[in-house]
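Next come two complexes built around chain A: one with chain B, the other with chain C.
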Partner chain A sequence: MKIVIERDALVQSVQDVMKAVSSRTTIPILTGIKIVATQQGVTLTGSDSDISIESFIPAEEEEKIIVDVVQPGSVVLQARFFSEIVKKLPQPTVEIEVQSQFLTFIRSGKAEFSLNGLDPEEYPRLPQIEEENVFKLPTDLLKNMIRQTVFAVSTSETRPILTGVNWRVENGELICTATDSHRLALRKAKIETESEQSYNVVIPGKSLNELSKILDDSNELVDIVITANQVLFKTKHLLFFSRLLDGNYPDTSRLIPTDSKTDVVVNTKEFLQVIDRASLLAREGRNNVVKLTTLQDGMIEISSISPEIGKVTEEIQSESIEGEELKISFSAKYMIDALKALDGTEIKISFTGAMRPFLLRPLHDDSMLQLILPVRTY
Partner chain B sequence: MAVVWEQLEQYQPTVMKMLAKSIEKGRVAHAYLFEGQRGTGKKEVSLLFAKSLFCLNRKGYQPCHECRNCRRIDSGNHPDVHVIEPDGQSIKKGQIEALQEEFSKTGVESNQKLYIVEHADKMTTNAANSLLKFLEEPHPGTTAILLTEQYHRMLSTIISRCQVLSFQPLPPTVLATYLQEQQIPPHLALLAAHVTNNREEALELSRDDWFAQARKIVLQLYEALNKSDLRALFIIQQQWIPHFQEKQQADLGLDLLLYIYKDMMYIQLGELEKVIYRDRMNDLQQWAMACSQKRIIENMSIILQAKARLNTNMNVHLLMEQLILNLKEGRAFV
Partner chain C sequence: MKIVIERDALVQSVQDVMKAVSSRTTIPILTGIKIVATQQGVTLTGSDSDISIESFIPAEEEEKIIVDVVQPGSVVLQARFFSEIVKKLPQPTVEIEVQSQFLTFIRSGKAEFSLNGLDPEEYPRLPQIEEENVFKLPTDLLKNMIRQTVFAVSTSETRPILTGVNWRVENGELICTATDSHRLALRKAKIETESEQSYNVVIPGKSLNELSKILDDSNELVDIVITANQVLFKTKHLLFFSRLLDGNYPDTSRLIPTDSKTDVVVNTKEFLQVIDRASLLAREGRNNVVKLTTLQDGMIEISSISPEIGKVTEEIQSESIEGEELKISFSAKYMIDALKALDGTEIKISFTGAMRPFLLRPLHDDSMLQLILPVRTY
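Let's turn to the complex of A and B:
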């Protein structure tokens, strides 16, 4: 393999794929970055076996030559050293040449490095992309969907399947669900797709957090492909692969109550601030519990008592209260998380009794909802 | 160099036949426990078995050793084959948890996953119990291979969930003949063949000066023990401790000492062909005359006790001094 490449393009690509390379891995080959050069351009791959990132540098872009592929080929180079080297090279062009036994020379200006490479055949093989089963989402919507669901995944490893977000594709709609069995976050969105294929997979929460960091805030479309073992997100020059969680996700559709006894509509921002203030004292307590009581004339009282510290009460004017009177306790943390995740200036909270889970959703938007289980207090 | 199936079949005919049949018939168990002495080829067999399962162009039950998967298993780079080794003294719970996390996900390349736990008896109780949950509810396509040298230290609950394959030790005489063919002097060859079961290891050991020196010190120690003076304690101080520094080495030293008593026992029983220190036959016969069978047995159990204590982190120096005093029953000091 022999290529001459623009340094800046290479540095950018290496930085992207480095996000997937982990220093503590049991598989020696994964400490490296795989470089493949073809006539179309150069592909870099980094992986920690959970997630893999592939970055493509085209040979030519906008009439400008970025890579000159003298001889196609491939090699795996130690990620730690390679990334440091390319960042500090003196000239704006870099020559990379692989000789026998994967000995690799990196030349720029008068500087020359030689690195011992590894056999690219040893590198894990990523799934092949089948173009027909693709669906598309705008980048900003995808990021939002991740933000609105991933916080609710379970952190305990006792039920590994709950550490992921359930993605279901049905009838041209993507439904994301996350739960840690005390709360649930759900988000729906229309997708652009040509196939009728339906999927039901669970993507690890950690992978989605990483993905969210890599995506920029544009509204360009992201291609999403789901295979048996992996899910692939494809942007213009970046491919993000993640492994899936093995097992069946619990059926969450029956958890969501359809009727309600008390409906409250409040201003999201005000309500969030009230809960936040009430939790100041509750945070010290055992489980961060606040109590909500409906009063006359559409007033709501939020209170919290921590016997050793003190207590707090605050009243807030709601937009409307319909149905029975109610006293209910819940975790302030879960409520704050849920309120932050929901868009919309006004939200509707639907209760079905003090011992039943309650729903939060924006007033005129059906695409997202949050479910919280109340706390039993005496 | 990669080991091929035929090579291992010579040592472990039963085990290899069972594994071959299970692959041919498509009835691979979800968990195996390979049990057998050090050097009986457990690790080699487990890796070969992994290759057979993952190989892309398998011929019958034999892997090709050439495809991507085979080569990556050899170099430890296959993403769906995991090998767990003790981290220091034991296998920690964290290691098993990392394994469980790994296995809650789908395979990197295929739906097949395999893990090998070396020295499975060294798992902490916590780790063993975490693994147990894992063995109880196997994922389809997952194979576990546990390797152990000390079968009786394994939790019975784990044993009952695995298919146990026992690896037979090689007869030491066969190994000794092999070593002698490699120009190793007979007195060292026989001893090395008793210490380990692995050809390469035995060869390496018997070519090592350290081993020859170890043998000399052990014999010296015994001679001193036989005379009723304090010289034995000086030998411990001046020669034994500097020579057998590592724990493993100390263990080997105790083994060598044990073989002297074993030889005396054989002489008393008249089974001369089993004697290990043959070049010292005359001395051994004299010593055997001077000792009662009961004493020999007592002394052997004292050495075995010392070996067990070595594993519980006792100070080696104190351990050896205690051993000497026990072997002499304090006779020299009264």
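Let's turn to the complex of A and C:
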């Protein structure tokens, strides 16, 4: 293999596939990046066996030569060294040449590196996915849907299925749900598809976090293909594969209350700041609990006590309070997470008593909701 | 005690004294910040017993009221909570009121915090320093002198005296020296003083690092007072005290070679980048060693081999090479540290053979030098 390639294109591509490479792996070759050069261009692959990322650098783009493939071929190079080297090369073009026994030379300007490469035949094959049933989402919407749900997955392995986000596709709509059994996040959106196929799968939270980092903020469409045990996200030059979690996701629809006894509308940013201040002392305690009390004239009191340190009380003017008076305690962290996830300058919080889960939704927007279980205080 | 104070002035002052507060201390009251309010203003103090910082907020500055002292008094508040609270207060003014048993209320807008305070009488007194023999340095020069030497102190406690920077004052000049016995950094400058007093003390590296963080980048003069076991740095509103290290600093002057056999002049930035690239693979190895070889026509070769990973070679055009041919190996880290510390676009490196320490100096500038011991390679 021998190629001459634009450094910046290579750096970007290496950075993308690095997101899948783990330094802690039981399969030594997965600490490497696979490089395959053909006349069409260069393909880089990184994988930790849960996530695999393939990045393609075309030989030519917009009538500009990006890669000159002098001799096609392939090699696997240690990801950590290779990525550091390409970032620091002195000149805008790089020559990569693989000699016998995969000894690889990387040359740029007057700098020459040689790296001991590995046999690409030993690198695991990526799953082959039939692209029959594809649905599409704009990149920015996909990133938002991930951001608004993935934080609510469980971090505990006691119920592994809850470490993923449930993706259901039905009737031309994608519904993403995540819960750690103390709170729940839900976001739905119309998808573009020509198929009637419905799906119900669970994607590891970690995969979605990595996917989100790798996607840019454009509104170009991402192709999504779901199979029995893999999901593939496809952009112009990237393939992102993730395995799916085994098992059935719990039916969360019955958790979401349909009636309410107290409805409060607040300014999202103001309310977030008040909760944040109230949690300053509570963070020290075991459970970071703050208390909400409805007062007269649309005022709400947020308070928190940490006996050894001190206490904090603050009043905030709501937009409106309807229904019964209420005193309720909840985790400040869950509330802050939920408020940050919701779009909209005003949110409506719907309570059904101090012991029942409550709902947060942007005013006049049914596409997203957050649910939080209260904390019992005695 | 009761005061009404500008939040931003308080935040800045708290941030400054926090640099001296350690969460790991054997003296519980030192996890707090001492606040003393008098008619002149408010003084905050933080200390970890090695370093103490006192910040003064005047009642009035430039005809603007900063603090309204309703009732003078004092209290000690938990530094971590107090600093987080003041940063997040909703309004630009803050009321602080101490009630019985040092229970302290912090109010801003509709937010009210109460913190359990501690008795200020239990807070250790700061050293009393006679300000007889003061010398002065501009803030930016002082920061540079610290930056150019402190990185070279020893991080090992086997010879505690080497964890500090030696400050010698003689003949109207301050000479700062640091060494970890593998490399040495030296920087000198004229000082402003009316006294003939000479000093030879050792200031802990950690103290100088913290001092450097707390000083702004102005060219206002800093007053420096040295006593038998303390040094005091004094700016407009700040007092920074550090204890001195006990013991005699080794005489380093005889380490610095006065003759040379090979003199090389290189562009600092280019040379730094070449060394950085050469060390990419070497970092993995035990000692991060690179090799320098003089070639024909003013060329220098920098190379490094890490048998299991690969090797790197790069040539760089020097400005000049004078004297004997040379092959020498040294720590890439020490070289990078030294190059970053030296000012000047061109530096001169003076070697006295492959086994002897070598010197780096900016071209035409005798106020600073870096010395590095080579590594023997077989």
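Everything that follows uses one rule, which is that the second predicted complex is superposed on the first by the 309 of 378 C-alpha atoms of A that agree within 3 Å, B and C clash if a C-alpha of one lies under 4 Å from a C-alpha of the other, contacts with A are read in each partner's own complex, and residues count from 1 in each chain.
Following the convention adopted for this analysis, contacts are C-beta pairs under 8 Å (C-beta built on N, C-alpha and C of every residue); 3 or more make two chains touch, one makes a residue touch a chain.
Keep in mind the model is a prediction, meaning the values are calculated, not measured.
S.K.: Between chain B (first) and chain C (second), which, if any, makes contact with A:Gly310: first, second, both or neither?
M.R.: second
S.K.: Looking at chain A, which partner touches more of its residues: chain C or chain B?
M.R.: C
S.K.: Looking at the overlay, does A:Gln39 come into contact with chain B only (first), chain C only (second), both, or neither?
M.R.: neither
S.K.: Now for A:Leu115: first (chain B), second (chain C), both, or neither, which partner does it touch?
M.R.: Second partner only, chain C.
S.K.: Mind working out whether A:Ile29 is in touch with chain B, chain C, both or neither, as first, second, both or neither?
M.R.: First partner only.
S.K.: Could you pull out which chain A residues touch chain B in their complex?
M.R.: These residues of chain A touch chain B: 26-30, 49-50, 121-125, 157, 160-161, 163, 204, 228-230, 243-247.
S.K.: In the complex formed with chain A, which residues of chain C make contact?
M.R.: Per the touch definition, chain C meets chain A at residues 78, 81, 84-85, 88-90, 104, 109-116, 273-274, 276-277, 280-281, 284, 308-316.
S.K.: Which positions of chain B touch chain A when the two form their complex?
M.R.: Per the stated touch rule, the residues are 68, 71-72, 75-79, 82-83, 97, 100-101, 103-111, 139.
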